[in-house]
Structures are given as structure tokens and as C-alpha cells.
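Each of the two complexes below includes chain A, the first together with chain B, the second together with chain C.
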Partner chain A sequence: MSASPLLEARGIAKRYRVGRAVLTAVDGVDLTIGRGEAVAVVGESGSGKSTLARILVGLEAPSQGEVRFDGRIVDPTSRGSRLSLGARVGVVFQDPYGSLNPRLSVARAIEEPLIVHRWGDASARRRRVAELLEAVGLDPDLGARRPRGLSGGQRQRVAIARALALDPELLVLDEPVSALDVSVQAQILNLLADLRRARTLAYLFISHDLAVVRQVAERIAVMYLGRIVEIASADELYGAAAHPYTLALLSSAAEVEGARASRIPLQGDPPSPIERPGGCPFHPRCFRARERCGREDPVVATDGSHRVACWYPGPVEPEEVRRLGPGGRDV
Partner chain B sequence: MNLAPNEDRAVLLDVQDLRVVIDGPAGLVSASDGVSFQVRRGEIVGLVGESGCGKTVTALATIGLLPPSGRIAGGRVLLGGLDLTRMREDELREIRGSRVGYVPQDATAALNPVVRVGEQITEVLRAHTSLDRSAARARAIDLLRAVGVPAPARRLDGYPHQLSGGLRQRVAIAIALACDPELVIADEPTTALDVTTQAQVTELLARLAAERSLAVLFISHDLSLVASFTDRVIVMYAGQVVEEGPTPRMTSAPRHPYARALLHATPRLERKLPRLATIEGRPPDLVSPPPGCRFEPRCDRATPRCRTDDPQALRPAVACWHPFDGVSA
Partner chain C sequence: MAGLAEVPVGAAVRSSGGALRTVEWLAAGAFGLIVLLAILGPLLAPYPPEEQRFADGVLLGPGSPGHLLGTDQLARDLLSRLLVGTRVSLGVALAAVVLGLGLGLLIGGIAGMRGGWVDAVLMRAMDALLAFPALVLALVIAAALGPSLRTTVLAISIVMAPGFARLVRSLTLRERARDYVAAARASGASAGRIARVHILPNIWAPLGAQAALAFGHAIPAEAALSFLGLGVQLPDPSWGNMISEGYAYLSLSPWGVVLPSIMIVCTVASISILADGVRRALEV
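For the complex of A and B:
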């Protein structure tokens, strides 16, 4: 029976108290991940990607809303919920240097989740560790080494092997390749593609890099100031983005094969999650904003699985390109 | 992007056979080993290569800022004909302030935490130009606005720690541009910035190159970013230049196997690639690098000759015994 999606988050909000002010890191996010589906969350620094990820995997409680994994509510305060989720969700963080305990051998680091979940006896666990090392393309002899002697790419493979130890249904990867050189990044991205060919494995892949995301994700959510402003299939997002922020992001990203066409500039100051603008949170920086945008929060426009939180969604119009001029005007 | 063809413009920076050694824990590191390249006036040159290949050390040596453990062991660095490697420290300091702007890889470390942002900019202006206090302040505001710092007048009285990483980076860029230099050397200046800001900064550099003939040496590990606004690309591997050429060719049909692997390992915004190229193994140890081609252990075109004969002998052509032809793959 698997009528419910693998992961379903409804109305997630997260507020932090900073001094006497309140910082809204996540503001009303709905997100569903299907079984075996690869979903990416992109957005600029501070948009709330990591906070959302921590909430989805039960590492932190939302201020509002609820997360269900396979139909059951995720409750970070319950040890039972944490344990059962820990077995079914693997997590990989950005920093391949900080995320491994320097005192443990590689084999021991990978074995740890197996021990915590009382998985098999010592010899079964040893076989499992060897299997995992192989699955991520590492020499089994590496198991005896400490993380210190490994390259960045090797460490990130170890982190992935550990996250895969209990054969999870979902792998959450928070900027897993951002700190790596391109040649190593390519190895990890290829590995992530291969892993999904061999098993039913869903990804929540967090990144700020739209080119990297294109290699991994089937569906993409774009975050701005704690909100998902647009979500669509990868083809739809790269081919027919409709939210002005997504359009600005895509037009700013560099392409290997040539200069940018015409960049859509963001106007004004970077946003503050403490003093959030009213109406559409993007309106002070938006090239398309009209009076209504500052007044009313946009209603989500839905076209099949493509959702856009904007009053005036749509591709860049020729008239807009003319108005913004070559390279936009931002200074 | 630029009007005059490259060859018509005068060479501004001429690095000739630069050798830098650094005293490291495992011995002398040859971080820059016979590096030669030129940057012309108004030209934007990208210097790319993976972590540890010597980009920063090469840049630091060029402008006389090596750490105490490093020294120049050979070669020359000519700026408009003057050899910087033979200059006294005070002469170099004058050149760094007025003719060459430098944006260090770690901008946060470059700013003084206890001095207001505005003073750090006006200090440079007062030392190297004849602007008075209020003119320098006005210029500082212009500079901050030009690099995309919102509400610049308000930022002048703040301290670096009150700025986000991205804003600090932009202040460092503003300082490098303060005295209207002829050359800017920028070491990963936009790596910490969001893509929208990144695009804004590279466009500013491109505009200054076109309008004021500013020459830019832009160091980055991001080939797509470099492709988006440079005129020429230099690829370094293990302390040496392996190939250089005009950006369109270097990003479509590079000839050195390493340069080509780098290109095919880079994810594309334009389309999903069936599979990314990877480069197995790691770069060699720079304390005792192998005698032949330094890329040989990782190269799938290698023959026995590559292990014994150093293809650096072929420079300034492509440093490879078996280069790809210049057709895109």
C-alpha cells in the first residue's frame, strides 16, 4: 500500500528569534516528493534551503505545518519517529571535511548507522560496508584509512556510502558538490545518477547552481526568502520558467557555450528575512512588479504540475528586454 | 565584447618563465614552474585550473605579495616593460596601489576589521591620488554603487563585520578599482557571491575593460563563468600552463587532454549531458613532480614518451605530445 507520497510537507514555516526580532527562514512551504523521484531545491544564499531540509528530515521542528513521511507524521521530539526516519532517509551535507569524525576510520564511519539501528552482526556489517564502498566507487582497502588522508571527492563518497547504509528510500543532499573541483564534482554527479539506476531512491538535492541541478533533478523548486516561488519539471523550468525571480536567476547563470543573452537584473537591496516585504516578497526587486504586487500576496497559478507564486507569471516579453536594455540597468 | 582585435593592443603584463617555490612541510613546493603568459591592455584573461594547481601563488608572485615561506626562483614579471621582480618593496607598494588592483581570494581577510569601510577605500584614494577628503568620500560612494552595493552612502560608516560575505567581497573589488588601475588581478572574486551578483560584477569588469582599457586577470575554477565574459583562457595544471587560447575555442575545442576533460566535466545550463567526463586520480605532488608530462598518470591519450619527455618544451604551443585537433567534440 503506497497511496501516499514518500514525503509530503504542508504549510511549513520556521521562525527564529534573533535578539528582539523574529527571522522567518521558511514561510509556508508545500512540497511533495514521490517514490524514487529526484527533486531539487535551488535558491540563493539565505533563502531557507538548508532550514527546509533540516525540517523535512526531522532534524528540526517547524514553527508551523507538518511533514509526513510515507503517511506518518515526522516528529523530531519523538525518539521512535527519529529512529524510524533515520533508517529510511540518508543525509549528506555540503562540507566533505566537517561531516566525518576525524578519529573514526572510514569503515567505522560507514558502519555507524548500522550499529545505531542494530543492523546484523559484526560480520554481516563488515560485508555491508564493503558493498557500500564498492557502490560509491571506492577501493575497499580505503576502509582502514582516516578521513584526513582522503581527497575531497573520496570524503564525499564516504559520506554518501554512510547515508546509503540502511538502504534508505530518500537521500537528502545539501550542496553535496559545492566544495569540490569540477572533475570531482562530475564523479559525484555521475555516481548519483548511477545509484538511482540500481534502486528506487528519491533525492532531495539542494544547490545554488542551476547547471548542476540540471544533471540531477526531475523536478525543481525555486526558493526566495523562505518561499517556493516556482516549482516545475526540469524541462518546464529550463524551457518555460514563469516567475520573474527564476527568469532573473536563469539569465544570470553563466553558460559554457557563450555569453549570456540579456540579463535580467535584480533591483535594490538583497532582502532581509527579518523585515520581510509585504505583498509578494519579491516585489521590491522585481522588474515586472506593479502596484498590486506590493499590496497582495500572489495567489499560486497552477498549470498542471507547474506552480508559480506570481501575479504576472510568464516568459520574458520582447518589450521587457527593450526596457531593461543590454545587461539590464542596476547601478 | 572588445573593439580592437587582441593582437593590436599593447602587452601590459608579461610573465616570463616564472618559477616560485614555497617552503612547505614536505619540502620545497614548485607551485609555479615555468609559467609564461601575457595580458594586453583592455583584455580580460581567465586563469583556470583545479584546486592547488598554483593559480593563487602565481598571482601573488606577479605582484610581489608572496608569503614569507615563498620566493621567486626564476623568471621575470614585466608590467609595461618594468620588471616587478627587481623592485624594492616600497616601489611595489606604490604600483599595487595605483597601477594594479588586487582582489584576494579571501576578501574578508583583506579588510581591516576595526576600520570603517569608507576609510578603507578613501585611505587608498588619499595615498595614491590628489583627491581631498570630501572628493575621496564621493568617489568611494560611486565605487560602491558601481560594484552593486545598495545604499552605499550608509555603508561607508559601517564596519566590515556588519556586511554579508557578498558585500564584503564587493568592497574588496571596489578597493581594487579605487585608483583606476591599468590591471586588476582578481582571485576567485565572485566565488562567494550569488549568481545574480556574480553576473553584475563580471559585467562591471567587462565594461571597465571596454571603456577604460582596464586589463583583467580573472582567476577561477569555474569554466562557465570564465567563458561568459573573458577574451582568452589560460589553463594551468600542476604549477604549469598547459594551454591558452581565445575563449570561444577554449570552451568548445580545447586541445590539451586536461583542458578538454575540464570542459566535458562542466555541467551545462543549456542541456542535460548524458554523462559528465571525469578525471580519475589526483594531481601530482609538487615537491617532486614526475619528469615527463605531469598529466600523464591521469591521461587516457598517454604513450610511453609522455612519461619521459616533458611537453612543456612545446610551449607556447599546447603542452602535449598528443593534443586533440582543434575540432570541437
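For the complex of A and C:
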């Protein structure tokens, strides 16, 4: 075991030119994932979480910053770097209907990374594919089928089997259950939990849903407009969240679960990543925003492993509950 | 002909989905027959296409004794020339489409896979080719390289290449955005492997339909070049140069023009209808 973390991202930024404007999808993200650790990144659509995932697996180059996997720099432009990273990182995408090539049989799709990495001979690969199908809870006879005849949940299991083919150390899961029915979601989440028990496997779990993340993650990063606004262990985040945005997300998640929590409003829609607000990017929607928030970028307050980018962090105060009213203010 | 009148047109238009309509089945049959004639033509021809039989007479009409479709101004059997010409014309069109498709795959594939300035340069070059009227471009190429059968194929294929290249590029870009391509890339697959395993097998269906339509354009293109003397050279018969020769004697006997023209119209109509049907059937 070397001392460096499994994955380390430093100062990652990604900007796209949109006509004359610049879209900032990711704005200075630091993130580390330890060996065997399950980390989740949570945020609304447009928060830059998927772009961050694509950068971390070497599908896109960051505009700034660097990604290191096991100490070595990830370079998307180098085939050698992609090959060596590909052997150790598996990727699962959101849409189970778009992530499998319709022309390849299930077995062939799972075999594909093995072929790319010249893993074993044909019969060894066949055994490996059967093993993988079993590991994700699918009948090995399914291997001969085309994805066309499979359900969304089955397809997502196939995608997970493909990601596991080379026995990776990290699985990057980009919204792996959000396209699935709720009942199927639970099965896939259970499968992901089981897989981790059986091997040393780190997860980077991307989701917009705090309720889903709770079942998987040990550490959670909350992203807003391309930045990580709060990061803490799962227990700490669910018990003592300090960023107003996290508090708002938690209260809406609690509402979905039917708990009678005080509702914390999110005002308006997330701003465009092209016209980012000055100061704290969250201040136009924040129930706690003061004059300073629109002026100055918040400094990151650190309490052990709990980091918050906010001028006025802390749990919801009774005074705030009174001010916001019992049902909160409707947006 | 009575059979044709009975085709329920309304019903054919209403039917949609994965199956071919009645008209399209008829077109498929007609096109199959023409292809069969092209393959078997020289075997079926009663005379060698160059043989002059002045004893039988020149410019005979159809139904003349010994000559089912008559003879031309040099007393050659029109049926024999038409049959051999079918093979030449279809062969030129097929070769031109295959070559044009190959060029399109190469250029459009590279543009779509590489992107960036490579894409920009290649596609601007294709746009420049497209800016010329197709026939003028083909004429210039054929004239520059000297008229021959090979030049005809080359000229038509170069005219077709930009259309194929643009289609290949846009289909490639569509496929490249798929998550399974991202998964393959993340696993370390090479660009060549991604093109071969993940992109090509998913774009051949629309490409095939486009190729069939292009075939329908290649037939009159060959005819036009040959009519102008820059295509298939005499004494090899092709539909185009048959029309060209017969044109001079049009006032004496129309058959030298009418018969190859009928063949061209039937071929283009049947392949076009069939290509549309196949494309629609594949899209569903």
C-alpha cells in the first residue's frame, strides 16, 4: 500500500466556450478518494457533477488542475494513460439504453474491455464473462441476448458487469439508478453494496438524490454551480450539515420521505453557469444570504474532515424556522 | 398491365412500419429482374453486340424477323446491345457507388473521429466539391482524365463522395456521443477499434439506403457522360452511348433512343422506390 490516495483531483476547472460567452461547468474542485472508499457527489442538474466525473475517468481534459490516479497523472490525450487507467477504473453511465451497443450481445459487451486489454484467451474470457454475469445477479444464459430484449435494470447490471470486467479498484457511477423504476433502484443499490463487500472497491457515486446516496456513500460532497460547497462524512453531513444549500437539499429529501421537517426554501432556479453570480455562487437563492455574500467569495471553513464554503455556516436556527414559517415559503 | 391496375394504392400508402409496401415489392421485383438481365445478359443475347448483319437490314423496328427489338443504323441487334449495355451501365453505376461510398467512409470517418481542424479542412473541401453542379464536375473530371470506362467510374464516384462523406461524418458524430463509445474510450480502446466495433456496425443501415439512392443517380450520370461522348466508349454498348448513337437517326427510327431510355427510367424508378422503402423499414 502506497501512501498516496487512490484518486486525487486538485484545482479541477472545466470551461467551455459557448459562442462568445464562457460556460464554467467545474470551478476549482479538490477531491480525493481513498482506497476502497465510497464517495458521493451530489448536486442539481447543471452543477457540473457529470463533467467532473468525465474528467476524473480521463474522458475529458480539465481546463485547469490535474487528476492523479495512484500518484500518476491522468492524461486523456495519451492512449497509454487511458489504457492503464481503464484497467483500474470502471465506468457506469446513467442511461441503460444508451450505454450498451445494440449490435453486441451481452456477453460480447462485457468481454469488450477484456479484449481491449488482451486479457486471457477466448475460453478464459468466456469463463470470466459467465463469472461476471453471476456476480451482478444475471443468468449466464442471458449472455447470448442482445440488449434490445433486456429491461432497464438488467441492462444496468450488464453495464456494471462490463465496468467490473478488469477487476478495477474504482467504479465511477454517474447517476446509475436515476433512470430506473424505484423498485429496481433498490435492487441495483443493494447489488452495488454487495459488490463492495466482496472486494476492495472504491466508488465515486454521482447523484442528484440525497436519499439514494445515503445508502451507498461514506463521504459526501455537495456540488453547486461547479464547486464543492460542502464535504463531510455521510453521518456528519446528514446529522450536522452546515451549508444552507445542503440544508435545503436535506429538507426537500426529508419531505419526499414524508418526515415533518421544517421546509427550507430554495429560491428560484439555479443560475446559468454562463452568468455566474458574483461572491458566493449560491447567494441569490440562499435564505441566509447577507450583504457580504454577494460581494466576497466565501472561504472554506474546515472542521476536521468537514469542509464548508460559506460565510455563515451552521444548522438551521429556531429563529430561521420562525422566519421561514412552518411550511416554509413557497417558491 | 392489368395486374398493376389492381394495386390498392390507398392501402399501400396507409400501411407503415417495418414492412415494405406493395409498390415497393413491385419495385424490388423490377429491379431484381434488371439485375438478373445484367448478370445473364451476354448469355441471353442472340448475337454478339458488335456484329453487323446488313443482310437483315438497318434501323429495323421491333418484331422484325430474327431481331426481336429490331436493329440499329449499323445493322446491329438492338436486343443484344441492350442486354450487354445493361451489364455495362449497371456495372459502372455499382462501381461508382462502391468507390464513392469508400471515399465517403474514409473522408467522413476521419473528419468525424478526429474533429478539430482535420474535420474543418476535410469538410470545407467537400463543400467546395458540392458547390460545382454535379454534371459539370463529372464532365471536367472525365475530360481531364480522358474518356474511358474507368474514368467514368472515377468521375461519378468523385461527384458522389461529398454526399457520402457528410452523411458518414454526421452519423459518426451521432454514434460518438453514445455512452457505449464513452465506456469503450474509458476502458482504453483505440480509435480504430471504436470505429470498427462501435461505430461502423451502427451506421451501415442509413448508409446502405443512401447508397441505393446514389445508385439511382449514377445510372443517368453514366448515361449523360456517355451521351456526351465522355463516358463508356464505343463499340462497348451502354445505355448512354446507345441513346447518343440512336439520337442521330431519331427521325428515321426512334427505337435506338426509346429502348435504352425505358431501361434507364425503369431502373432509376425501381431503385429509388425500393431505397425509400428500405430506409423507412429500417428506421422503424
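Worth a mention:
The definition used in the following text is that the second predicted complex is superposed on the first by the 320 of 331 C-alpha atoms of A that agree within 3 Å, B and C clash if a C-alpha of one lies under 4 Å from a C-alpha of the other, contacts with A are read in each partner's own complex, and residues count from 1 in each chain.
Everything that follows uses one rule, which is that a residue touches a chain if its C-beta (ideal position, glycine included) is under 8 Å from a C-beta of that chain, and two chains touch if they have at least 3 such contacts.
For clarity, every value in this text was computed on a predicted model and none was experimentally measured.
By the document's definition of touching, neither partner reaches A:295: not chain B, not chain C. In the superposition on chain A, A:86 contacts chain C only, with no contact to chain B. Contacts of A:72 after superposition: neither chain B nor chain C is touched.
In the superposed pair of complexes, A:323 makes contact with neither chain B nor chain C. By the touch criterion stated above, A:58 is placed in contact with chain C alone, chain B being left untouched. When the shared chain is aligned, chain B comes close enough to touch A:269, but chain C does not.
Applying the stated contact rule after C-alpha superposition, one finds that A:254 touches chain B and leaves chain C untouched.
In the superposed pair of complexes, A:117 makes contact with chain C only, with no contact to chain B. Annotation for chain A, partner touching more residues between chain B and chain C: B. Counting contacts as defined above, no chain A residue meets chain B in one complex and chain C in the other. Of all the residues in chain C, the ones that touch chain A in their complex are 178-180, 182-190, 193, 197-198, 201-202. Chain A meets chain C in the complex at residues 54, 57-59, 79, 82-87, 89, 91, 93-95, 98-104, 109, 112-113, 116-117, 159, 162-163, 166. Partner chain B is touched in their complex by these residues of chain A: 44-45, 151, 181-183, 185-187, 189-190, 193, 208-212, 214-215, 234, 238, 248-260, 263, 265-266, 268-270, 327, 330-331. Of all residues in chain B, only 1, 50-51, 145-146, 148, 150-151, 164-166, 194-196, 198-200, 203-204, 221-225, 227-229, 248, 251-252, 261-263, 265-273, 275-279, 282 touch chain A in the complex they form.
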